[in-house]
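Next up: some structures, all given as structure tokens.
Look at the two complexes coming up: chain A is in both, with chain B in one and chain C in the other.
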Partner chain A sequence: MAGICCGVVREGETSASMEPSSRTLKRRKVELLTYKFIADVAVPPAVECSRKRQKLELYASTAASSTRECCKNGVQSSEAKSKDESEGSHACEALRSSRPVNLRENSASTELVENKILRLENPRFGVTSVCGRRRDMEDAVSVHPCFSQEEGSVSKGCHFFGVFDGHGCSHVAMKCRDRLHEIVKEELESDRLAPAQWKEKMERSFTRMDEEVQESNGSDRIISNCRCELQTPRCDAVGSTAVVAVLTPEKIVVSNCGDSRAVLCRNGVAIPLSSDHKPDRPDELVRIEAAGGRVIYWDGARVLGMLAMSRAIGDNYLKPYVIPEPEVTVTDRTDDDECLILASDGLWDVVSNDTACGVARMCLRAQNPPSPPRSPGSSGEVRNDAAFESSDKACSDASILLTKLALARHSTDNVSVVVVDLRRERQQQ
Partner chain B sequence: MANGDQHRSKCCFLEWMKLQERDLSELLQALTLTPQNDAELTKLAQKGVEHFESYISQRSTLSKNDVAAFFSPAWCTAWENSLLWIAGCRPSAYIRLIYALSGADVELRLADFLRGGAASGGDNLGGLSTGQVRAVDELQRRTIREEDRLTTRVAGLQEDVADEPITAIVKGVEQIGELSGEIERALDEHEKAMAVALEDADKLRLNTVKEIFGILTPVQGVDFLAMSKKLHLCVHEWGKKRDQRHGRENC
Partner chain C sequence: MSVISSSAAYLSSAIRDNSPEHESFKKFFDCWLSEQNQQLQDLIFTAKSFSSTPVDEAALRSLIERVMNHYECYYRTKATWSRHDVCAMLTPSWLSSLEDAFLWIGGWRPSMAFHLLYSKSGLQLEAPGKLDELIRSITTTTTTTTGQDLADISPEQLSRVNELQRRTIIEEKEISEEMARCQETLAGPDMVELSDMVSEQLGTNNGSIVDDVGEEDRVESALKPREKGLEEVLKRADELRLKTLNDLVDLLTPIQAVHFLIAAAQLHLKIHEWGKKRDAKHHLAA
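Let's look at the complex of A and B:
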């Protein structure tokens, strides 16, 4: 088994693979030194969950009814649960009013912990997911702000963002989109007294996700227009990448399996929070060969000459060489953090981390202060843009712009981009 | 008279190409004018759609007599015919053209944008706005679904040739190629179904173009229309040159 990279990623530190020799030992050391549990940090009581806009956003971008449904359910459950708590009424208010509540006026939502002001912000994000130059759409995106409201749970007030890039067919990616946030929620809420063992919890979530995918093969019909029609053995050769970011008030927990990627933009510097699982990555190559598999160069490095990534959810036919185990990074948030970009390889194949970071931060800056309505001359393009408020519009602009850049650079794949604004509230005013 | 049908169908196509040539110069001319007049541009795009509509209805009438000619037209070059999808272009190719057009000068603008030259955010890079990207993507997915549906239908019709009633007739035929009232009826029936498929494919092409004009701004629409015509005319001319190179006579 390859060691799991689980340390705090610092500025300038890439998540490049380590030497295979004595790798595990080194990693363990890193882990001991830098891994910080956050469960002992008090979780602020009130949660801002205003996300009417995001709902619109998802509606327009993913065009997937189940995602909409999930998002709606998320809203409903957070509302229902917060009714019991007096502090929770703030959240309900924020939900009902379409304008965001000023966090500075809301003293209940701030708390002094370790000389740091922690607050739970509205997540501001933008999602774009397009078919692009492919005829099949195999990408799926899932965004769940405040996805868990369980009192005392480490996940309370956390936000979930996931990008899944399917291969063979779309059903594994869809299943991940529909289920993974619920599994992660269950895992994080299951054991509320234990410290936030992000690495184990995320690993267990991915394993469960993979098991669910296996179970559903041949049994329940997830989607009717599924190309492989869930027939074995064809659906055994279906899988998906998964890059998931759980955003807490003070941490960014990224779990990755496959060749989608999460990149943090901090003070203009692009910091990858995940490392692509390619079969020719030295440590992955060693792991595959140790398991008895081979990496064959056939239109690039491929496991058994077939799959061009070394980890994935699904892909039963390539087990145990291709594993669903994620690599987890836990990163402390800082005031220099600007945004987080999650995207499928449709973006990363043609746009570098640095360029993506540069484009995203320019969009966020351009929106500060909000710009007047666009292009006065063109009457024909009003459409639904007007529905997005300015802070989200900046993220939405960034995700669209990155997508357009990928298309302009002849990306031949589906392109999915999620941009999450990480700037603290006070910096934006 | 088969020859008459062939002649009429060929004329229909050649007139369409000539009309496209005239329309193209008008469209290109309109794009050079400053300031742009949206009403004028919209009218031009509308005219383009109407011309396409009348070409489609003409060939729909013609195909009732001789549909096979449209699936492999003698008036087109070999290269053009190798690109045909149900006797025309793939409607999903229109979306690729939009992506190509909107991404044309993106690198130039990107450098500018990253230097902070563009103040107003997302729309300064690339021609499509946020809403447009989403609408185009949605249209693309729908168009590909429709395209695949029609492809499957035509595949079924092609398979039908190897099935009843044609195979039963083949079994009873004493001399290869001999015709009978029975076989004529069977083939006519089959051609009728092919003509319906052609009509539906043309409808999809037309509707896709109409929807595109609903998404694009007038100037983008005219640009798209001009480019699609230029591309079609080029493909036709390049095809002729390649035909010559391979020793095929021009049509």
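Let's look at the complex of A and C:
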């Protein structure tokens, strides 16, 4: 728990010290902070990604100090890290799950437990998030492996993945990136919930997220130095989509609000785990009109002729027609599951679910051809390490290739892609 | 090499002869364009031969350096001329009206470089079989096939491109703001006062010669700092253009840089050609 507190406090400091400064100052400060916290990054990364990385590391430390269960990550990160250093570059947006090397010692101790944990707890993922052909970056991505360590809580050993696609300005998406995992964690840890309560917990988290966005609109409008202040004082005309996957050892819980999307690749078949909230989706149209709103076709279907999605975090000016309530799906994981793709519409507008799954699947398979299950042992341990490192690379390869494909197909939006490896072939049999 | 020296020759002769600025710059520009065309052929030849037999990396680098030096020569010359007449450099008479319409502070918009990169990269990625080849190259985990063209951009490269793009857009916005401030000073109190004064004088005095001379001096001295301001903005804009090109070329592998420079030269030359043709047609029609 000490680690968790530490992580939260540091984060608080970061955002507090950042807020009253100009954009340039903000960047400089974050760079300094980055240096302080992760001295191993060769090139000062950008604002968003440095914070992201920093947080990843903080959470990894959190995991290390409170429990050993995530410690295997240390090994795989050391690979990724030395690679970063040797190339003198920072794989910033395309970050891998790099975590401090000093976790390595922990991993040698309890092999058996670890092997079990590996299967259950080690997230292998790749993230790519680029500005693309837009002038503003309004996408944000949040990845928090083992984001809750509360003993006995359902969220223990769960991983959090979120993609947020902002509109109007970036600050609601940023806020979701910075806060939603914490809110979800609080909600999940608040009491011992029955599995059936996932829906309620996630809905409540999204409502709280939306409330926080509203509050910040009122209070620290001057503090957040963003584009929308220059253009219009109406900061409530800003919002964000949110697609969040909480990955448990047994389940994939996807909560979606807006037109970002989560797609499961199972045995080569693309299964959407969320359904886009478009104003012309029949049930959404009915809901909007029942609330007294109108959907007007103006460069596509738009709520009141303005917003091209029917649900979002923020967007106070369109309430109650546009709501922050997510649709939640709970999917049991199977041995046929290959990967989960979360992405903003920058990808989905130009790449179909099937194509995306096909590409991601080929990348994962290419890297790691199906091998016979190995019995645990010291040699197996080493092999596992290698496989893990490469598997992470495979996820990165997949996310980057999907991003490049989106850009190749003339995507005009920001493109953010998260690929999570769901395969269990290294599981002990 | 004789071609290279010719645009450089224009530069020195024009300064020496003190000939009418935009006339000489036009000559320089035409000469520079034909050199660019020549270099484009070299780049294309290199890219083609690279696909059959790998070209020595040193040769690639020296070709890239030559092309980049040519760009640098352009901006150096432009800077010299803008010290003489910044207004002419901001309203280039040597360009077609099509190019004029898409100008950002007397040249191409720096953030366009990223669109160019993504578009060319996309073109190469969507080439038949390329996607399969890329996935296969992941299988083999060898790095021999990576960095062959712009479809092979690595995660590290993409993240650096993305970061460079964001920095470039921020700077582009700052320069646009500076331009706005500069343009707004044209309606400053001294200018309004001056225009008001001379207009009223004109009404009462019928404009004597003595007054005209005085007026010219005063107008000149009022415009001087404003032109200086424009010159500064243009300098920053040109620096950003060159820096963006340099930074992009630096983060690409040599052969990727060759592909990028081909795309840049082709687009530049073609848009100039199409623009000139359109102008000729409109001119005939009118």
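Basically, the second predicted complex is superposed on the first by the 270 of 429 C-alpha atoms of A that agree within 3 Å, B and C clash if a C-alpha of one lies under 4 Å from a C-alpha of the other, contacts with A are read in each partner's own complex, and residues count from 1 in each chain.
In this text, a contact is a pair of C-beta atoms (placed from the backbone, for glycine too) under 8 Å apart; a residue touches a chain by one contact, two chains touch by 3 or more.
All values reported here derive from a predicted model rather than from experimental measurement.
Once chain A of one complex is fitted onto chain A of the other, the partner contacts of A:264 are absent, as it touches neither chain B nor chain C.
By the touch criterion defined above, A:359 lies against chain B and chain C together after alignment on the C-alpha atoms of chain A. In the superposition on chain A, A:137 makes contact with both chain B and chain C. Within the superposed three-chain model, A:417 lies out of touch with both chain B and chain C [touch as defined at top].
Judged by the touch definition given at the top, the superposed model places A:403 against both chain B and chain C. Looking at the shared chain after the overlay, A:340 reaches neither chain B nor chain C.
For the contact definition in use here, the residues of chain A common to its chain B contact set and its chain C contact set are 128, 130-133, 135, 137, 359, 362-363, 366-367, 394, 396-397, 400-401, 403-405, 407-410. Those residues of chain A lying in contact with chain B across their complex are 60-61, 63, 128, 130-133, 135, 137, 355, 358-359, 362-363, 365-367, 371-372, 374-375, 377-385, 388, 393-394, 396-398, 400-401, 403-405, 407-410. Those residues of chain B whose C-beta lies close enough to touch chain A in the complex are 36, 38, 92, 96, 99, 102-104, 106-107, 110, 113-114, 116, 118-123, 125-126, 128-135, 137-138, 140-141, 144, 148, 216-219.
Contacts from chain A toward chain C in the complex involve residues 23, 45-46, 49, 87, 89-94, 128, 130-133, 135-137, 359, 362-363, 366-367, 390, 394, 396-397, 400-401, 403-405, 407-410.
If you check the complex, the residues on chain C that touch chain A are 111, 114-115, 118, 121-123, 125-126, 131, 134-136, 138-139, 141, 151, 153-156, 158-163, 165-166, 169-170.
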